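Everything on this sheet refers to the single structure shown next.
Labels run A, B, C, D, E and F following the written order; every chain starts at residue 1.
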């Protein structure tokens, strides 16, 4: 049974990574996985939160959010509801944890990097696109800090980070699910990995179904291959000179 | 004394109006006034809020917000603070009121149009860019409603709406202030006008200064000329065929 | 077509300004514009907010609110709803901005003046009554500060401030609208002016209608005459000796 | 040891009960116990909350609040803090419970009476002044309902309600404590009683001290005598014709 | 008319006081009054709130809450509702006030004791069970502080505290009401007393009824006898050696 | 290197499962994994949330929370902070999702089961203890529904659910981590599995470290063996007759 967008089961959607989308943050990346589009900004602040002052360690944190107009039916604005929902909290924590795996906070020095991942358009896989884009924004923010001689050590990044979703749809293990597949997947897994293929985070969930360990293994094979391909695209994007301004 | 960006006192910044930026809303416009960039989406819902049901009238409302990464120094997210700030409320109300001046709610029928204006990058004049872009998104949403035969009357738009800021900077009346001018303006005025030059909203504020009625008149002259130019650009943008998808 | 209360189009309602209504604040004024009654208190605190400390500048801020029992149908209490509404925020900001135009914050020294405008009874024009009364409370608070030798300079007030509403009702420009006129006005404008007739704030809104520049001019004429009359009444009220206590 | 205001230990402060202070609510009373001033409004709504619909019973509820400017040092606004404090909640519940003791909710019919007690000036005993004033506002609201033929039975009030504070100060049992005494009282008691001398509510609290049962008895003697005197003043106030409007 | 559980009118339910229920707090008591079960923990923190620093005085505060599953029908979680209800606030304040009557805050030194009373199962009288259990947890926390030589004076407890409910049910004065009696009581009173029989707090409420002073006296007689019996049970519980861990 | 509590690397802590801890919920289980103690209640409500009415499907949801006194240092109460934290949200969602994997919502009929997992004492692994205990409470609630003939189909449970944590500590894969190990684990994984050994949820996180796929495999081996042992203990607990009341 073919995928509705004609892809192979182990094929990523079309990926676009556009750096320098905004002027103000030290890193700003517009990343697309097919129709899913996320604006990832890395803002740098001198100093760290109070509980960490004087430790010599930096800090990195993340916030994920979705524009009301990003989803098929408009979703209510969390600022207007007056509270951040459970799903938003959960993804914000995942993004922050994943990116902290790439950075040596001692080498960062007492600086804070705030990653903001705002989904401009949602079509499945927003959290994995956010992590993949946020790594590129983080790399640009580190370059900026190095150029401004504000790092305690010039190489705080120990690895690169990419993430992709994988799931079981129509009884088949498929990579990088769009909304149409995600919404009816029997199993859904998000994998965050480094450029050397080690794992940062594995979250696999049966949706009204359970799955065998053999399925888990097949999903991991597919996801790790996907992350390796995303790593290549990140490297290629970062090899370009930094674009200055909004076109 | 020349303006820092080389413009004439009565000259607009470079204006860009890009339709169809998002797939899901019925209208979606990325508007730029120089470095200020606002994503304006018009989402259509069948039906109206409870207090209006059975009236035969439609409803139009607006929400304005800023991405944390849009400003020079990152600003805190209102969803995380758990409350919408005074400035945000005030601008949301202004945008909704301004656009309601253009639409005959009886002709709209019992449909709701929600305008979301999310500032992706801020460099002064975000509220006037939001109104100007929101009108174009609204026009596309009305076209969509007409195509789906959901209007009570096929021509609910009675006029078009554009807005621009004007102020007194360095003792001179200047049009379309960027942040660098806005932050030190002695007087700051926002004018919302129709394509026939009538007024929808005038808000003029002395910032630690007061102003004479002659200054008010000079500011209105400049702003109305600016709105006329913006109207031409809206007409030109709407004359293009609707682009289907994110590039 | 005559006004329902028999006034001329350019006539204010009966204005009452009663000083010393409360004991605790440095200034406390009960102001009435016809049936609209607002309690305006000016509380003085030594010191300024953290972000302003050490600047040598004082601070002035305002909060506007309405008692639930002030309106024709009881309105819900914002403290119980857990959030301050958009209209309340907007008016609070307007009152603060308007009064700051009258005071030299350097002359004030590092003191904070908090203006609280609580509407006891609402019949249209509550924000303009609030500004007009708040100026008198502010003047009394400045006198109190001077008497206690806490000012950096003895004359921090550079002008006096008054405000009035004006609108187009039944096709005619009318001054100081009560609720009955305000609720059906085609255009509604609030004007804040100084005792020399310069402008502090102009906010003119078409309510489901737009207006010509000629109408704007006629409304300004009427409002500035109204403000001049209010200034006389403020001067007269402040010429009386300060009453000590609640009767 | 004499009281600072020269009163006898068992003497009330000067009491003032002014009806018809506001136009909109069915009952509106400005009550003063010395310098403590509370505006008590009784607003009538047709119908009852959802959980009570169809029961044939009415509902009465109360909200107590304090203006920021009512206290010696300005207190923060609960709407701005975004939550109602514990003390406010507690007093609101006390006022509602006390007044419900006076009314037969079946006789009231499916109407809701909302009592709002807003403290304009605080000098001790605000909750007891609120209850005493609220009863008068309630009586006027019942008269209004009777005149509009909206009662299920013409006499829903089974008794009248008054309240007073009593405490141990300087080792002596004293009635109706002003702030100066209240803040240093060893024991503080609030008593709510009916016109026949039966009890509705007794709340006695040792403040960093405990008290004997003999002291409790002496406090009750004093408070019940005080309530009897307040009942006379309520009767006298209600014997006057209803004043129409704000003076 | 007999009580549904067969008790005499002046008889307590079966009381259980189990110390050391949790490991982490300095005192932790599981108290039961019949089917009502409350977990009372006394947590010690070095230092006092900012407003009290440098005073040499300690601080004691309390929070009361109910598990959603504690009540007959599940009740919503206050953390999810985003606000603490009026009843919860009121009881938290009562518990804190009652326990502060037992402790000399100067002898406590600049330490804070936080009492948490979480109702695991509710069957009437949760607040009085909470106070009675909290005293035992407080006594254990004081012992812990003494052992760690952190008290300014070794005997900060000046008395012991117990509390019980009493009410008029079926026309009879009854002690320690379970939910079945509490929900239909005509009068409901909570009494907090010391081991010497002096009063800390008396709160008597007519529920849709009023009560005579003779009834008040009878209720006090019953409640004080109940408190004396609870004091004996507290003394017996505290005479046991401290159990180390959860069984 | 031995574990501080003397266990083997693949050994569970002492597990206790006590049914019928509370009277009111249809299922109520006090579960302990060593010193970690969680009260799991399953409350049944007739009907389903509005968005599900008429579907013929039931609903199951969960809320996780921690008593302030459960942790080593007292933690602030989320109801008092006015918002549920990210970690709480995330675990609540995990518990609900995990238990929904065990139940056929069509067989449940239009009933709602609310699982409340309140941590009374925390020593690592609270979420896995919560899931393991919640399954037993759920089984008792289903028995109750069956006895009351409220199920659409008598066997809605398709499998049983257990969960355990596993991690890499001191370079070794260890099962069921207490706080002392959890706080310094390099990798932390939670596994939710069924009685047939299929997977419901796998969440593996590198904490400032990444992990190889071989480590993932070793952790899964250990966790699945642990879940199998927990399943046996659940079966044994459920084989006992239901205890009626709190002892």
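Just so it is clear, contacts are C-beta pairs under 8 Å (C-beta built on N, C-alpha and C of every residue); 3 or more make two chains touch, one makes a residue touch a chain.
These numbers come from a predicted model, not from an experiment.
The chains in contact with chain D and with chain F alike are E.
When every chain is reduced to the mean of its CA atoms, the largest separation from chain D belongs to A. Chain C and chain D have CA centres that are 32 Å apart. Centres computed as Cα averages put chain C at a distance of 51 Å from chain E. Separating the centre of chain C from that of chain F, both taken as means of CA atoms, is a distance of 59 Å.
For chain B, the set of residues that touch two or more other chains comprises 82-84. Around the closed ring of chain contacts, the path that opens at chain C and continues to chain D reads C, D, E, F, A, B. Across the interface of their complex, chain D is touched by residues 22-25, 28, 32, 35, 37, 39, 41, 43, 45, 63, 65, 67-74, 77-84, 88, 114, 116, 118, 120-121, 245-246 of chain C. Touching chain B in their complex are the following residues of chain C: 83-87, 89-90, 92-93, 97, 100-101, 159, 194, 197-206, 208-213, 216, 220, 224.
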